[in-house]
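Take a look at these structures.
Here subunit A shows up in two complexes: once beside subunit B, once beside subunit C.
Take a look at the complex of A and B:
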C-alpha cells in the first residue's frame, strides 16, 4: 500500500544573503488511500512540502518514504500525479494529447484510457480542442485528467482550484472526491479555502510560517460520500470554526 | 477568491502565425515601396548619365546593367548558384551546430558558463584576420565559404535557441520531472517546441547576413561565386557586369529572408 511517511523533514533554501528555513521538523504519516488537506499562510512551505514528496527537491534533513520506497523510485516508476495551480498544458497539443503525455513518457500500456479520463472530468467532445479554446476550469480538468493518466498511487495538488469561480470549484471538488474514491490514491491537497479543506479531507493539517511547521492536525469525522448539503450542517460549521481558530490563533501573524 | 484565471501560454502558437503573417504583409509593403523607389532612382540615374554625359567607365547606365544581366545570364546564374549553395549549406550546418550547443548549455549550467562567453568572444574576431587559417584548413573551394557562413550564423542562432530552450515554463518542466521523464524526453517534448519561435528569430537574423558572408569568403578565397564575379568585374572595369552581380546578390538576400518568413508561417500554422 502507498503510505507517505515524513520523518523529521526540514528544508532550507540558501539565498545569496541569508538562509530561509521553509520547513522544519515535519513528521507526518499520510495513510494509504487517505485525503489530506494542507492549509496555512502564504510562504509557510506548502508548495515546498509537495515538491519534497514529489522528489523535485531533496529534503535538507530527515527522510521521506512513499510506500516504503525513496521518492525518487516512486517518481521514476510513474507513481506520482501532480496538479499545479495553473494547468501547465502544452499549448500546441490537443486535450487528448495533453492527457496522453504521461503515458508517452512512461512508454508503457496506458493504465487508463485517456478518452475515458476526459469523459470522467466532463470534457467528452473536447478531445481535439486546444487549451487556448478552453476556459480556465476546463483547462484545470485536463490537468487533473493528465495527473490521473498513469493511475498514480499518490496524487499531489497545489491549489488546483485556486483560480476557479466558486460554482466550478464546488463541482470540481465533488468530481475529484469521486475520482479519489474510485482510484484509491493517497491524496494531498494544498488549498487556501477552509471550507474546501473541511469538505474534502479526512485530515486537515494547519501549517504555521517561519519556520514552516505543522501547528495543528484536525480530523474530519463527517461521513462519506460528502454532499454539498453537508456544508450547511452545524457539524460542518463547527469543524470549519476549529480550522479557522487553528489558522488564526496559533501565535503567528497571518498576512491578509 | 476572485483571482484572474491564469491562462497558459496558448497565445504563443496562434501569435506566432499571426506575427509571421504580419511580417509577410509588412514585407509586401516594403517590396512595393522598394520597387517604386528603385524605379524612381533608375529614372534619375539614367537621366543624370544622359544629361551630364558621364563616361561609361565611371558609372554604367541602367540599360547597360540590364544588358549585362540578360547577356551574361549564364555566367551570373552559375556564380549565384555557387554562392547560394554555400549560403544554404552554411546556414543548415550552423543551425544543427547551434541547436546542439544550445541544448548542451541547457543541459549543463557549468558548460554554459564556461563556453558561451568564449564562443561569443571568438565570434568578434574579424573574419579577415582568420581568413588565412580558414583557407589553410578548408582550401580555396566551397568549404571555406561554408565555414565562414557557419561562423557568422552560429552565434545568433545559438543565442536565440538557448533562450528558447529556457523559455519553457518552470511548472511544465517540473511536471515532466514528476512524471519520471528523462532529460531527453523533456527536451524533445517540451523545450524544443517552446523554443521554435526563438529559433525562427535566430534564422531570420542569420539569413540577413548569410549571403554577404558567403561573398566575403569568396573575396578571401577566390572561389567562383558572386563575390568573386563582382570583384573581378570591378578590376577589369566591366561595370555593367559588376552592378548586375550586385543587384543579383541583393535579390538573393531578400529572397532568402522571404523564404524564412514563409517557412515560419507554414510551420506555425
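Take a look at the complex of A and C:
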C-alpha cells in the first residue's frame, strides 16, 4: 500500500533579497493506487510539490510520508518514478539505454523488460534511436517508459504532455491510464489542461498562488475505464466547468 | 563514408598548404626571401637523405609530448572531478591552474634542468605543464555543464556519486573535453620542443638547434615543418575521434578560440 500523506507541509525559498512561500499548509492524502491531477496558475508551486514528494527538496515545515516511510527512504528504494516537464533524456544514450538507466543505477534485475516498456509506449523499432532523432512526443514517451522501468509505487509527472499537440496528447493520455491501471501505482499528474485533468484523475486539486495552497478539491465520478467519447458527455463538461470555475475563482466558493 | 569525411576535413588545409608552398617557391625564386628561409623545393630535396635522422628525432619528441599530454589530461580530469565533488575547491584549483599557466616556460625550463636534469623526464614535465591549463579548464567547464534537470533525475533514481560521475558528468563533459584536447595537443608538442632546446641529444628541438649551428638551413626547416605537421595531425586525429565519440552533440562554442 503506497499512500502519500502530506501533513501541514510548507516550502519557503530564501532568495537574496526576500523569502518566497511557494507552498503553505498543504494537507492531503493521495490514496494508494489513485490518480490525482494538480492544476493551478503558473508559479503556484505545483512543481515544488512534486519535488517535495520525490525528496528532491526538503519541506520547510510539516511531514511527508510515502507508504509510511520518509520520502528519502522511498527514493532510495527506487519507489518513485518521475517524469520531468522536458523529457530530460541523455542525448548520448539510445532509447533503450535511456529506459534502462534506472535499472542500471539500481543494479537489480529489471522489474520490467525495457524492450517491453518501449513497445508499450508505442516506440517499438526505435530502441536504437537517439533522442535527437525523435519528436517531442516520442521523447516524452521514452521518459515515461524510463519512469516506469523499476515499477515505481509512486509516479510523479510534471506537465509531461505540455509540449504535445492535442491528438498526440489524447493518445498518450489513454496509454498512460492503461499503464497506471495495470501497475497499480499512485499517480500524481501536474497539468495545465482542464480537460486532461478531468479525463485522467480521480481527484483534481486546484492550487492557488501566493502562497501555494490547495484551494479546491474536486472528485471526478466518471466511470473507468475512461474513453475519449466521454469528453463529449454533458457530465464530463459539467465537471470541466466546475474545475474551470474553481481555477478562476477567487477561492471563496467551493463547488460541490 | 569515412573517406568522404577525410576528404572534407583534409582537402581545404591541403590546398592552403599547397598555395603557401607555391608562393614561397616563387618568392624565393624572385629573391624576396632571406637566406634563413629556404625554398620548399630545397627542403624537399634533403628529405630522402635526412629521413632516417628525422624519424629518429621525431620519435623521441612525439613520445615525450604524448606522455606529457596524457599525464596532464589525467591530472586535469582528477582535479576537475575533485572540484566537482567539493565545490569549494573549484576556485583554488582553477587559480592554481592559472598560476601554472602564467609560468614563462622559456625562463623556468632552465631551472627545471637543475632538478630533473636534461633527459626525457624534463621534456615530459614541460609538455605536461604546457598542456595542463586548457585541459583543466575544459574538464571543469565540462563537469559544470550538466543540465539541472538531469541532476534531479539522477537524484530521484538514487544514483551514487560514482554513478553520477560516470553516467552523467563525464558524458556531459565530453564535448568540452574534446575541445580542450584539440587545443592542448599542439601545446604539448611546443612544450616538448622548448624543453629539448635546453639541451638534449635527441628530439626535434635538438635537431633544429644543431641544424642552425651548422648553418644547415633546409634541415632546420625540415624539422620545423615536421613539428607543424605533427601538430596538425594530432589535432586532426582528435577531431576524428570527437566525431566518432560525441556525434550526438554540437561542439560547445566556449573555448573554441583557444589561445
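Convention: the second predicted complex is superposed on the first by the 250 of 256 C-alpha atoms of A that agree within 3 Å, B and C clash if a C-alpha of one lies under 4 Å from a C-alpha of the other, contacts with A are read in each partner's own complex, and residues count from 1 in each chain.
Following the convention adopted for this analysis, a residue touches a chain if its C-beta (ideal position, glycine included) is under 8 Å from a C-beta of that chain, and two chains touch if they have at least 3 such contacts.
This structure is a prediction, so every number in the text was calculated from the model and none was measured.
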Room on subunit A for both subunit B and subunit C (clash or fit): clash
First (subunit B), second (subunit C), both or neither touched by A:54: both
Touching partner for A:166 - first (subunit B), second (subunit C), both, neither: first
Partner chain(s) touched by A:135 [first = subunit B, second = subunit C, both, neither]: first
Subunit B versus subunit C as contact partner of A:76, first or second or both or neither: both
Subunit B versus subunit C as contact partner of A:192, first or second or both or neither: first
Subunit A: partner with more touched residues, subunit B or subunit C: B
Residues of subunit A at both interfaces, subunit B in one complex, subunit C in the other: 51, 54-56, 75-76, 78, 80, 82, 84, 86, 88, 90-92, 101-102, 104-106, 130, 132
Of subunit A, residues touching subunit C in the complex: 51, 54-56, 75-76, 78, 80, 82, 84, 86, 88, 90-92, 101-102, 104-106, 130, 132
Touching residues on subunit C, where the partner in the complex is subunit A: 147, 149-150, 152-160, 163, 167-168, 171, 174, 246, 248-249
Contacting residues of subunit B [partner subunit A, same complex]: 1-14, 169, 171-172, 174-181, 185, 189-190, 193
Sites on subunit A touched by subunit B in the complex: 51, 54-56, 75-78, 80, 82, 84-92, 101-102, 104-106, 130-132, 135-137, 139, 150, 162-166, 169, 192-193
